[in-house]
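Common to both upcoming complexes is chain A, partnered first by chain B, then by chain C.
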Partner chain A sequence: MIEVNNLTKVFRKPIRGNGLSGMVKTLFSRKYEEVRAVDGISFTIPDGEIVGYIGANGAGKSTTIKMMCGILTPTSGSIRIDGVEPYRKRRQVAQHIGVVFGQKTQLWWDIPLIESFKVLKEIYQISDADYEERMAFLGEVLDITRFLSQPVRTLSLGERMRADLAASMIHNPRILFLDEPTIGMDVLVKEKIRLAIHELNKVYGTTVVLTTHDMTDIEDLCSRIILLEKGSILYDGPLVNLKNRFGNIKTLTLTVPTDVHAETAPVLLPEVAISEEDGRLVLRFDADKVALEQVVQYAFRDLKAIDMKIAEISIGDVVKTILEQQEAEHAEKV
Partner chain B sequence: MRYVHLYFTCIKRSMISRLEYKKDTIIALFSFFFSNLCSLAAIFFILQAIPTLAGYTLPEVGFFYGFSMLPIALDHLFSDELWLVAYRRVKDGDMDMHFLRPVPVLFQVFAETFQPEGFGELILGVALITVCAMNLTVKVTLGAIAVLLVGAAFGAVIITSLKVAIAALAFIFKRSGPLLQIIYNFSAYAKYPLAIYPGFIRVLLIFVLPFGLFISLPVDTLLYGTNNPWLLSLAIMGAAAVFFSTSVWIWTLCERRYESTGS
Partner chain C sequence: MLKKYKPFLRAGAIDTMAYRFNILMWAGITVCEVACMIFLWLAVYRSSTGGMDAEIHGFTFREMIAYVVLTTVFGFVTFNNDTLWNINTDIKKGTVGNYLIKPISYRGKFAATSLGNLLTMTLMFGVPMYTAALVTLGCMGFLPGLTFPAFFAHLGLFLIAGLCASLLNDTIAYIFGVLCFYTSAGWGLNSLKTTIISFLSGTLLPLAFFPAGLREIVKWMPFAGMSQNPVLILMMKYDLAESLRCIALSATWIVVLELFAKILFSHAVRKVTVHGG
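And now, the complex of A and B:
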């Protein structure tokens, strides 16, 4: 179980001038600015849950993860991983967590992959039997057996990420922190990684905290999401609720004859918004308020639609809308 | 016991890394012999140019020089990774992996690299000492041998401790390599008898950066019996204990300030 309470991380940075002369002035200046990377957040994650931790670049996701796994010490507030504070008893917590940073490998660069695993076996004091079992499981779900004897630097990005994931799971951690595990991966590798995370959660009941910019990751894996913006939590709750935050929004994309345009089209109801994108008409409406059937009839009869696609609003759209609203509010204040 | 086993596992890993690049290994071995040959020649030329130094004869100065290489070589074997920490690894946020493992960060830094080059310096130092000792006419006592052994081994501990404390400052300043270089360069002073230096440098070299304590004083004790070898051994071991525990304490304090980098 992860308990985060009023967690804050402030970085102190000298206020720098521009260019060389500015940098020289900085040397003699005592002025600092405070950057509140994480600003008083609280949440609790029970065992066995898969949580999506999302937000724009620089929202404070990685900083939170780094505090939870004991790399950074919080400025104030507390974190408890199964009751233990990682920045006080780092080693005790490290034994039970696994961490992957998509941007940095945790493996030794120039030795065969299998040698890295042998060192990790000693570091985590894994028994021979457990080691065999884990290697068999990970070899299968992550498909790494084929390149175990290759040095890490010769692996492709996808192979390296799977190897990194395997390395983070080798000691059967109770909690797994994954910071952008699918960054830069092709669809097939992404699929494999998602399946592996799912499998691990199902078989071993591992808690997973996942940051990603890929909303498919979120929709495939997470039952709960925490949305972070400028160091504060904007939303924390089930994925479904966030999706329905703006109602049960559906979009109909219509292929229409060339003489039909959004401005001149007959209006069905004010609740159905019409716009034009790439020569197609897009209808957006709340399916709880306006019957889908009615809109479909209207599309074929009044707009002379030739073809149509019905889509639910994606989680990506919701997040985008929320972040845009936030930015607009912020701009108004300033 | 666990850590001894773990240390050897990690060192094996470090050696595999070295051997991964075949041509690089061959070049490294070759250049290593060549550079040691050069330093040996340099010592020979220096010693020829200065027949006596503050009353010390040629074999005596040679003995000094050879002995001063031993603690430096021992330190070189085990703690070379500290240079990378001080110059680069903290600044680049490259220490993350060590913070994620259930083993002390400092231990992992030591276990990251083993520098076999240190053996070369060790062999060279011992050879120089042996050659010079054969030309010396001193009565070798058990105490003198003991204080030399203590000076070499615990001197290495003191050098390593200094490196640990200064490398740790990188956690606060992001980069402490240049400072580490300055302090390390002071070991060059210890290659010669303390007698050639003015008073304040002597004090500095005994009490602050105690290169003189574990190099000059033991050699003087062998050559002239200036100190009680057993008491001096005790003093060196005491200093090593103080330096080591203080530097580990400094490291653990600084480690908490690690900031990593954005990703």
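And now, the complex of A and C:
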């Protein structure tokens, strides 16, 4: 279980002047600017949950993850991982967590991949039987067996990331922190990674905290979302609730004859917004307020639709809308 | 618990093996330095009042040459240490995080790697170099203090003193390395460390040549145990009691410095800032 209570991290950044004269000035008087990367957040994550930790770049996601795994020390507030504070009992917590930073590898660059696993086996004191079992499991779900004998530097980005994931799971951690595990991956690799996380959670009951910018990751994996913006939590709750925040929005994209246009089309109800995109008509409406059947009939009968596609609003759209609203509010204040 | 550090011990040993050509090249440079030192001391003794037979601060010319050769070999085998540099790189590249998320101590990792280094260096370079130096110097009569079989006891104590010296050197390198968390001036810290050690350990000049006041202070510092004392134990310039006293002093300093390093690290680690990504 992860308990985060009123967590704050403030970075002190020296303000440097520009040019040579600025540099000389900084030598004598140094001013600091305080950046509140994480600003008083609290949440609890029970065992076995997969949580999507999302937000724009610089929202404080990675900083939180780094504090949770003991790399950074909070400025104030507390974190407890199964009752232990990671920045105080770093080694004790490290034994039970796995961490992947998508941007950096933790594998030993010059030695064959399998050697990295053997080193980890000794560091985490994994028994032979457990090691064999984990290797078999990870080899299968992450498909890493093929390149075990290659030095890490010769692996492709996708292979390296799968290897990194396997390395973070080799000691059967109770909690897995994944900081952008799918960054830069192609669709097939993303699929494999998601599947592996899912399997791991199902088979071993591992708690997973995942940051990502890929909303498909979130929709496939996470039952709960924590949305962070400028160091504060904007939303914390089930994925479904976030999706329905703006109602049960559906969009119908219609292929229509060339003489049908949005401006001239007959209006069904004011709640159904019509717009035109690339010669197609797009209808947006709240399916809880307007019956889908009615809109579909209207599309075929009044708009003479030839073909149609129905889509739910994507979680990406919702997050985008929320962040845009936030930005607009922020701009107003300034 | 110590088994966790076995891979680092092994990595240290293998790395040293892999860089043996670098080390050989360094050996070449070291030989030139020894030659310079011999000519320097030759000039010193020739111009002294007693001439070549003089004994300056307890060293005859021959003993001085033996001392120069043996401290050089000793430094070469014992101080092949990358701890400071590796910490500096870990901080600059942000890889320090990779170790902080593992259930191992950062200090333990470096201590194990350095011991691995020492093991390879001693077996691959130490054994042949000490043997060659001792046999050559002995046959030329440059080691008048040597008596058998007492020498074997001194050899044993020398090995222990050498291990202490290596640990002291690694601990000091680690402390300077941890200072990189505050300043990130790794290069400057490295030069500072090297200068302090080579001066105060007696590598440059035996401590007997220091002014009396300074000598009395330096005697109680950890540095003499890192070069002068082990070599004088080997040369049998120290008797058994004196040798044991030196080793005890070194061991005490190891404990003190390790404790200091621990406190320093637990403070420094709070300064860690790994931005981005």
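Rule of thumb we're sticking to: the second predicted complex is superposed on the first by the 329 of 334 C-alpha atoms of A that agree within 3 Å, B and C clash if a C-alpha of one lies under 4 Å from a C-alpha of the other, contacts with A are read in each partner's own complex, and residues count from 1 in each chain.
One rule holds in what follows: a contact is a pair of C-beta atoms (placed from the backbone, for glycine too) under 8 Å apart; a residue touches a chain by one contact, two chains touch by 3 or more.
All values reported here derive from a predicted model rather than from experimental measurement.
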Clash-or-fit label for the pair chain B, chain C on chain A: clash
Partner chain in contact with A:Tyr235 - chain B first, chain C second, else both or neither: neither
Partner chain in contact with A:Gln92 - chain B first, chain C second, else both or neither: both
Touched partner set for A:Phe43, first chain B, second chain C, both or neither: neither
Partner chain in contact with A:Thr73 - chain B first, chain C second, else both or neither: both
First (chain B), second (chain C), both or neither touched by A:Ile123: both
Per-residue touch tally on chain A - higher for chain B or for chain C: B
Which superposed partner A:Lys104 touches (first chain B, second chain C, both, neither): both
Chain B versus chain C as contact partner of A:Pro151, first or second or both or neither: first
Touching both chain B and chain C, residues of chain A: 11, 62, 66, 69-73, 87, 90-92, 94-95, 97, 99, 101-104, 106, 118-119, 122-125, 179-180
Residues on chain A engaged by chain C in the complex (per definition of touch): 11, 62, 66, 69-73, 87, 90-92, 94-95, 97, 99, 101-104, 106, 118-119, 122-125, 179-180
Interfacial residue positions of chain B with respect to chain A in the complex: 2, 5-6, 9-10, 13, 16-17, 20-21, 93-94, 96-97, 99-104, 256-260, 262-263
Interface residues, chain C side, partner chain A - complex: 3-4, 6-7, 94-95, 97-98, 100-105, 269-270, 272-277
Chain A - residues contacting chain B, complex: 11, 58, 62, 66, 69-73, 87, 90-92, 94-95, 97, 99, 101-104, 106, 108-112, 115-116, 118-119, 122-125, 151, 179-180
